[in-house]
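The following pair of complexes shares a single chain, subunit A, combined with subunit B in the former and subunit C in the latter.
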Partner chain A sequence: MQIKADVGKCQGYGNCVDLDPEHFDLDDDGLVVLLRTSVDEAELEKSGAAVRSCPVQAVWLADHDG
Partner chain B sequence: MTADRIPGRVVVVGSSVGGIRTGQALRAAGHTGEVVLVGAEDVAPYDKPPLSKQVLVGDQSAGDIPLLGPGGWAGDGLTPVLGRAAARLDPVGKQVILSDGEPVAYDAVVLATGAHPRSIPAPEGSLVRTVRELRDSEAIRAQFSRGGPVVVVGSGFIGAEVASSARQLGLEVTIVEALPEPFARALGSEVAARIGRLHADAGVSVLGSAAVARVESLADGTGVVHLADGRRLPAATVVVGIGVVPATRWLEDSGLDLDRGVLTDEYCRASGAPDVYAVGDVARWFDVRSGEHRLVEHWTNAVEQANLVAHNLLHPDELRPHVKAPYFWSDQHGLKIQMVGRIHPDDRVSFLRCTTSAGEKDVALYSRDGGFSAAVVLGWPRAVVACRQAWERGEDLAQVTGRLSALATAATPVPVG
Partner chain C sequence: MTTVEEPTRTGAPQVRNLVDVKNGEISREIFIDEQIFKNELENLFPRAWLFVGHATQVPEPGDFFSSWMGADPVLLTRDDKGELNVLLNSCRHRGMRVCRYDEGNTLQFTCPYHAWSYSIDGSLVDTPGALHGVPQQKAAYGTNLEREKWGLVRAAQVHNYKGLVFANWDPEAPSFDEYVGDFHWWLDNLADAFDGTEGGTEAFRGVHKWRIRSNWKFVSENFLGDTYHGASTHASVEAVGIGPGGKGKRRHGERQNEGGFSKGRMKTSFRRGHGASDNLAYEIPYPEFEEAELDEYFVAAWEKRKEKLQAEGRLLGGRGPATLFPNMSFAAGFPRTILVAHPISPTETEVWRWYLVDKSAPEKVRDWLRHYYMRYAGPAGMTEQDDMENWDYATEASRGVVARRYPYNYQQGLGQETASDLDGSVHSHHAIAGEVNARAFYRRWAEFVDNLSWPELTELARVDDRATERDAVVTDVAEGVKVLDAVDVVDGPPAQ
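Now for the complex of A and B:
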């Protein structure tokens, strides 16, 4: 799976970073930065929880081409 | 074997963020049994934080704030039972009884009924409103479009956000707070003074020691808010934000332990009956860190507990306790206010001003005997991430200050207030 982000939607709530700091970070403007986009099977629970914890659906999981 | 202890059919009561995220997390974790969502409201599940912000000012509407994924109920693998409230829980027969008497059987049930807003005695009609559901927000928006003035009763976060939204629409707004110091109940005096200035600068009139005696409704649909000290405030809309009451009335004869919420252990398992869990604004869970039961009425808490309960339902031999840092955000007059941790009345408050590539940012740090209790961060989300991690690791004030200094090019203490 791939993580996708719409930085324009991000509100800097930081929930994604809190749950999955290996994939997500915030910059000084409080906008999400993807440290890595690929999610392997073992990471899916963490990254999935991170994505579901975004209050504004600014990050999501997609199939590799999705 | 654990396999036969994993529930087949999970019924979730409450179709807001706590309930929907529980269902989604069960699916994400590979649960194959049926997941039924019982919801009193007969509308597509929507998110609540925008109700006092974007929805009130018209930047978002119902379609913009869904809780389900793009594939809807089917895509998320959830079975909806909407438009009928749960009226009773029968933990012996393992069923939820709906308002029309229909039973819904469960192997495990998750209570996510949230809370109902408190209000004040009000005259008939639409003058006095609370904001909890989409229709409340839509009705207030319609009323705001006819003009002000607006009186907000209560200086909690929802009241403060409604005031901010009303100002954004150009309406005249007064916040009335019964306590002497507005905004102080949740934040303490020092930070409350800052928030007070934020509202004053945005043109909100904020009155402390202003208890409402009664609201009078006039023939033209507007009204007058009478304060206990005799002051009178004209109002086209009165919005009341004086807190919420956990929605447990339907559980009163269930045998569950209730005390201003559903009491649970640290794993969010309700005490008093097996296979019953509670999450979100209705759950008063046992906090291992403080040794007390806690109820946290914030969005992120509901989502964290939803993930936790999904895990605990499917892994009865590897139960996870709820130990995340309490966290919430509030958006007022363009400023993002984010709070981490738990404030004690006798905390010391210090302000740290940090220079970052995005400008100067202030963080209020609450501490007791060098221990870190809480932080309020004004407009600097990056610092919030650091504070959450520090809180969860039990770091002290010096360590938190160190983390923040490392994020900034310079960090200096500034006078309180």
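Now for the complex of A and C:
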């Protein structure tokens, strides 16, 4: 799976960073930065929780070709 | 009459001075005065069990329904575990309503103002309604924001009674069952299907909402036992014939050859303030319908219910109209509908009407009931219009300086209450006249508004003093029944 992000939607809640700091961070404006986009099987639960926790759906999981 | 100038937080018996139950006189001030209204909002509504909505309005996880509890907007929600929650619809940051829709589906409420976000999804937050995230959290608060302290305010107690959902802000309030007492028989008849199936009803989608220029208590009082106004107020509706039997038949459709609407009827008044326009032994079969398919449905339902209830040793009456103290009124027969009178100001009330139907009812029955309910109730309903005219003009004519010096008369049947087998209650002495229910309602109302403590409120309602004082007036029940027989109005003008 791959993580996708729409920075235009991000409001800097930071929930994703709390839950999955290996994939997500915030830049100097407080907006989401993807540290890594690929999610392997072992990481799926953590990354899945991170994207579900976004109040504005600025991040989500997609298939590699999605 | 005195006026109330200070909030009654001290417990001083101020509004109780305006409600003279012994002599049957109640000051007009309690329907007009701003300060009394504020005291109601402070001392009554946040401590009483209030009807919020019907469980069938929020069947799926994420479903929500916007409602009110006294002065406060609330959200009735169903979380991802299927549980019901009642949340204050106001952001903890600047108070904006986090949800402005009447109803819908979402697992989170994000405030439109600064986008604080609250979740009802238990997989994201520990408690449904908890604060789920705030924009720019790191820059704004660093690690200092304790999210668990800033969730949406939750009602302290929520109770689902056969689909009827009630809530209470006060963690110290008695349980719902204790608050309701034996009045639950009327709620059972409201919530159970016409054939007696427990909780076998659902809300029609949509709630009628409108405002009237009247104090909210006029509405509660009317439902809990004003059978006196029917013959005059609703005369024109009776003449038109809007009920099940059609033209020339009464609006409730009661079968005149099987008891009519008055025979054997006594009102039931609870010390805790609840009241019903009838009693459990007052049994009238469902109406006759012009259409055979409808008639068959209701005849079968009545027979099944009769068999079921009799097997349980229950009586078949108790269908109201009635009021659960303080502001949930309902009728559990024809029509079957709930009315909540939301207080807006001393002289303005927002009325909400829910309509119930058997879950198992065929389309034909649903459609007929829908039409009947609309003919009867709601802002365009003919019976409702009659009542609203009275309450609006009574309010207007009572707010004058001179008018306010003169109390209303609540003297019908003073001291003539009769015994009741139900806990903490008495019956009226007469089928139509009798203001025992209203007197009990206002006595209880004053005890709440004067902010008596829960131990005091509980102690006052522990024994119904009317039941003991009554013995001095009506020496035995048989005598009371004899009086009733003498005043039956079987063929006369309709009551209520």
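Heads up, the rule we're going with is that the second predicted complex is superposed on the first by the 66 of 66 C-alpha atoms of A that agree within 3 Å, B and C clash if a C-alpha of one lies under 4 Å from a C-alpha of the other, contacts with A are read in each partner's own complex, and residues count from 1 in each chain.
The definition used in the following text is that a residue touches a chain if its C-beta (ideal position, glycine included) is under 8 Å from a C-beta of that chain, and two chains touch if they have at least 3 such contacts.
Note that the structure is predicted; figures quoted are calculated from it, not measured.
S.K.: Given the touch rule stated above, what does A:G30 touch, subunit B (first), subunit C (second), both, or neither?
M.R.: both
S.K.: Under the stated touch criterion, which partner chain does A:G48 make contact with: subunit B (first), subunit C (second), both, or neither?
M.R.: A:G48 contacts subunit B only, not subunit C.
S.K.: Just subunit B (first), just subunit C (second), both, or neither: which does A:D6 touch?
M.R.: In the superposition, A:D6 contacts neither subunit B nor subunit C.
S.K.: Using the superposition described at the top, determine whether subunit B or subunit C touches more residues of subunit A.
M.R.: Looking at subunit B versus subunit C, the one contacting more residues of subunit A is B.
S.K.: State whether A:E22 touches subunit B only (first), subunit C only (second), both chains, or neither.
M.R.: After superposing on A, A:E22 lies clear of both subunit B and subunit C.
S.K.: Following superposition on chain A, which residues of subunit A contact subunit B and also contact subunit C?
M.R.: In subunit A, residues 11-15, 26, 30, 52-53, 55 are touched by subunit B and also by subunit C.
S.K.: Can you tell me which positions in subunit A touch subunit B when the two form their complex?
M.R.: Residues 11-15, 17-18, 21, 25-30, 44-45, 48-49, 52-53, 55.
S.K.: Report the residues of subunit B in contact with subunit A in the complex, numbered from low to high.
M.R.: My answer: residues 21, 24-25, 28-29, 47, 49, 299-300, 303-304, 307, 324, 327, 329, 331, 336, 338, 356-358, 379-382, 384-385, 388-389.
S.K.: Going by the contact rule at the top, pick out the subunit A residues touching subunit C in the complex.
M.R.: Residue list for subunit A touching subunit C: 11-15, 26, 30, 52-56.
S.K.: Residue numbers of subunit C touching subunit A in their complex, please.
M.R.: Interface residues on the subunit C side: 108, 110, 115, 117, 119, 123-124, 132-139.
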